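Just dropping this structure here.
To keep things simple, chains are lettered A, B, C and D as they appear, and every chain counts its residues starting from 1.
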Amino acid sequence: MMLTPAHASSSKFNEIAANLAATAKALHARGWLSGTSGNLSAVVQPEPLLLAMSPSGVDKGKLTAEQILLVDEGARVINGGRKTSDETLLHLEIVKQRRAGSVLHTHSIWNTILSDLFADEQGVAIEGYEMLKGLEGVRTHEHREWLPIIGNLQDMRELAGNIRAVLTEHPNSHGFLLHKHGLYSWGKDLGEAGRHIEILEFLLEARGRTLHLRSRGN
Amino acid sequence: MMLTPAHASSSKFNEIAANLAATAKALHARGWLSGTSGNLSAVVQPEPLLLAMSPSGVDKGKLTAEQILLVDEGARVINGGRKTSDETLLHLEIVKQRRAGSVLHTHSIWNTILSDLFADEQGVAIEGYEMLKGLEGVRTHEHREWLPIIGNLQDMRELAGNIRAVLTEHPNSHGFLLHKHGLYSWGKDLGEAGRHIEILEFLLEARGRTLHLRSRGN
Amino acid sequence: MMLTPAHASSSKFNEIAANLAATAKALHARGWLSGTSGNLSAVVQPEPLLLAMSPSGVDKGKLTAEQILLVDEGARVINGGRKTSDETLLHLEIVKQRRAGSVLHTHSIWNTILSDLFADEQGVAIEGYEMLKGLEGVRTHEHREWLPIIGNLQDMRELAGNIRAVLTEHPNSHGFLLHKHGLYSWGKDLGEAGRHIEILEFLLEARGRTLHLRSRGN
Amino acid sequence: MMLTPAHASSSKFNEIAANLAATAKALHARGWLSGTSGNLSAVVQPEPLLLAMSPSGVDKGKLTAEQILLVDEGARVINGGRKTSDETLLHLEIVKQRRAGSVLHTHSIWNTILSDLFADEQGVAIEGYEMLKGLEGVRTHEHREWLPIIGNLQDMRELAGNIRAVLTEHPNSHGFLLHKHGLYSWGKDLGEAGRHIEILEFLLEARGRTLHLRSRGN
């Protein structure tokens, strides 16, 4: 791993890389990063932006700190090594739009199912759950969280642009779904992003399992 | 962690704190304490009351004994450190009403779902299962357990008062649900509280999965 | 643990006790022995019968070899210590009727649900699955396995008698269900009993999840 | 384990055997190899063919490298030891037809359920999911994967012939289902085969859980 002298604060990168690898193993163990799917990032330096990023095509259950890449705001890999995740541009877009310190992307059964079932509505509304209080800035269960659903594309630049528009239109959303693809969430740091992912995955599962059951104002 | 001389029996507190941390990890591994949700307590001294309590906003899958707080019956933190769980008043109320040695609060998919689906009935009845025999005082499967559902509030004092009323009205209930929030149960010690949580979570899942299926006197 | 001189082959008992404890932890990890439910046994000596048995009211996820009891054919505890499982008489009955080397009893969500849903039919038929070939004596997937459902009782002697009758009437059944209680299976040794439990739990879950879905000759 | 001098490259076999055992434990932990079901293989030498193969009737959660067999293209065991898996002929057929480096066979709840529910259609179509991009050769989510369903037989030679015919008819399929039996997939090596299994199991579960829910072009 070659870092330029300007990134001599490699102990910070090493720590972040280790945390990303640990988080990847934990999320994989929950079934949310199967088959090399998903990706994880965390900001090493905000200005100019340096982002630690999971590599492409790697089993996230076996991800090591040594495999973590360092990219700049143009998605160029600085520390040699593997090819970055295809979705690096999306992480960069979210970091910029939300001033996030970390972005996590999971493929779970329930987030995938709901991203399709609610596609016509272009989003999923979740309200009234105490669990919502774990989302940054939410102080009461009487909160309505809107998770937009964005169409999936292979053109990452076009998709990043669509994400920018949706994040601008929905400044209070703590995450969004890509159709038949997965969930994106973020936080001021990896810990908060991880907490948001856990909360949103929980709520999506609760919604998914009650789609056919009578509910009060679900 | 500063203990006053009167709490020099810190070896007891240390042991309880270690057990609470271990229990938190086990419950988190089952998906019942995701996203920093839930809380755990155990009585260190009954009179005057000293209660070991999990802190607020901490990942329960990584909770350590050093993070456990010690509070008095006024919910004041005695051993410095972090902010207590918002729900400390609820734990204190249950300890008082049920003379409990430990109180556990979980957010699981099924307890959350059923807390909403049965909200109009204001409770869930579970009867006829052998599993009920693991609840304290229950000697036969021919037992009808009533889990009241209480409306969720952000005002903890008001909620504690509602809990007091419900626990008084239903002296035989081994737990209750907070609407779209979660499950509370308790026991004479942490082991019994943990066993009660396992049993009630099991039964709520069995009820939840059969809501649409024909059942004999379910 | 006091063994009489006649049971000086304690190394065999110790080995069996260690295997029972390990099996208990594995089955508990699958959610099949929650809340101290379930029990496990293995024959130490067939004639006169000596049976290693899990104790009553113990968390099976933390069961140790030292907690395993040794009972005789009258269900009397030989090695002092804890109270035996309430269901010791049932294990002894099955050992006798099926000449089993080990008996396992689990409480899983799906075995509990199906024990109730098929109660009027007094049993569950499972056929056509390749998985059935893992059951002793079954050579083809074109096998029809019948799992009788027996009413649950608290009187263990009466229940043991009912089990004897059912096992006699259904000599080819590899297990049976107790209504709203759980599954019993057995094998020539603990390994075979464990394999049977895994297979039957799998098949009961597959049946349970397809109750509302179109199936060919399910 | 006796290897002939020609197979002195035993360090390669040892490495492959260790990886197969590790993969078996991982797949068993996911519930996909319960009750000694399923099997795993990896090519040690392509020409003449030498295949490392899991043995018959062994608990895959406890499989060790020492238990792995080495077979030739006639399914004869070269390294002594246990009886091979009954399905060795199927692995050999797939290795030949697909020039695979590894073949994996799992019995999961969802692959078993769907193998029956779609039996009349003789296959399951899965399309539009981003997860499909993890399958070899697939570059976009706008891909339609067809998993043929083949009738289950006990005559392995006849079944191998049917598999040959189906693989020839569907050259782009990355896997197939055996009716009420399970899933087969493969890859250029064990890593790719494992990734394919994870992806297909995920997609089959997503399909299975939405069978009764409204979906756009599911």
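Observations
Following the convention adopted for this analysis, a contact is a pair of C-beta atoms (placed from the backbone, for glycine too) under 8 Å apart; a residue touches a chain by one contact, two chains touch by 3 or more.
The shown structure was predicted, so the numbers you read here are calculated from the model rather than taken from an experiment.
Homomeric contact subunit A/subunit B is classed as different-residue, with under half of its interface positions used by both copies. After Cα superposition, the angle needed to carry subunit C onto subunit D is 90 degrees, rounded to a multiple of 5. Taking each chain's centre as the mean of its C-alpha atoms, subunit A lies 32 Å from subunit B.
Taking each chain's centre as the mean of its C-alpha atoms, subunit A lies 45 Å from subunit C. Of all residues in subunit C, those that touch two or more other chains are 212.
Against subunit D, in their complex, subunit C makes its touches with residues 26, 128-131, 134, 139-141, 191, 194-196, 198-199, 201-202, 205-206, 209-210, 212-216, 218.
For subunit B in complex with subunit A, the touching residues are 31, 34-37, 59, 61, 107, 109, 112-113, 116-117, 119-120, 152, 154, 178, 180-182, 208, 211-212.
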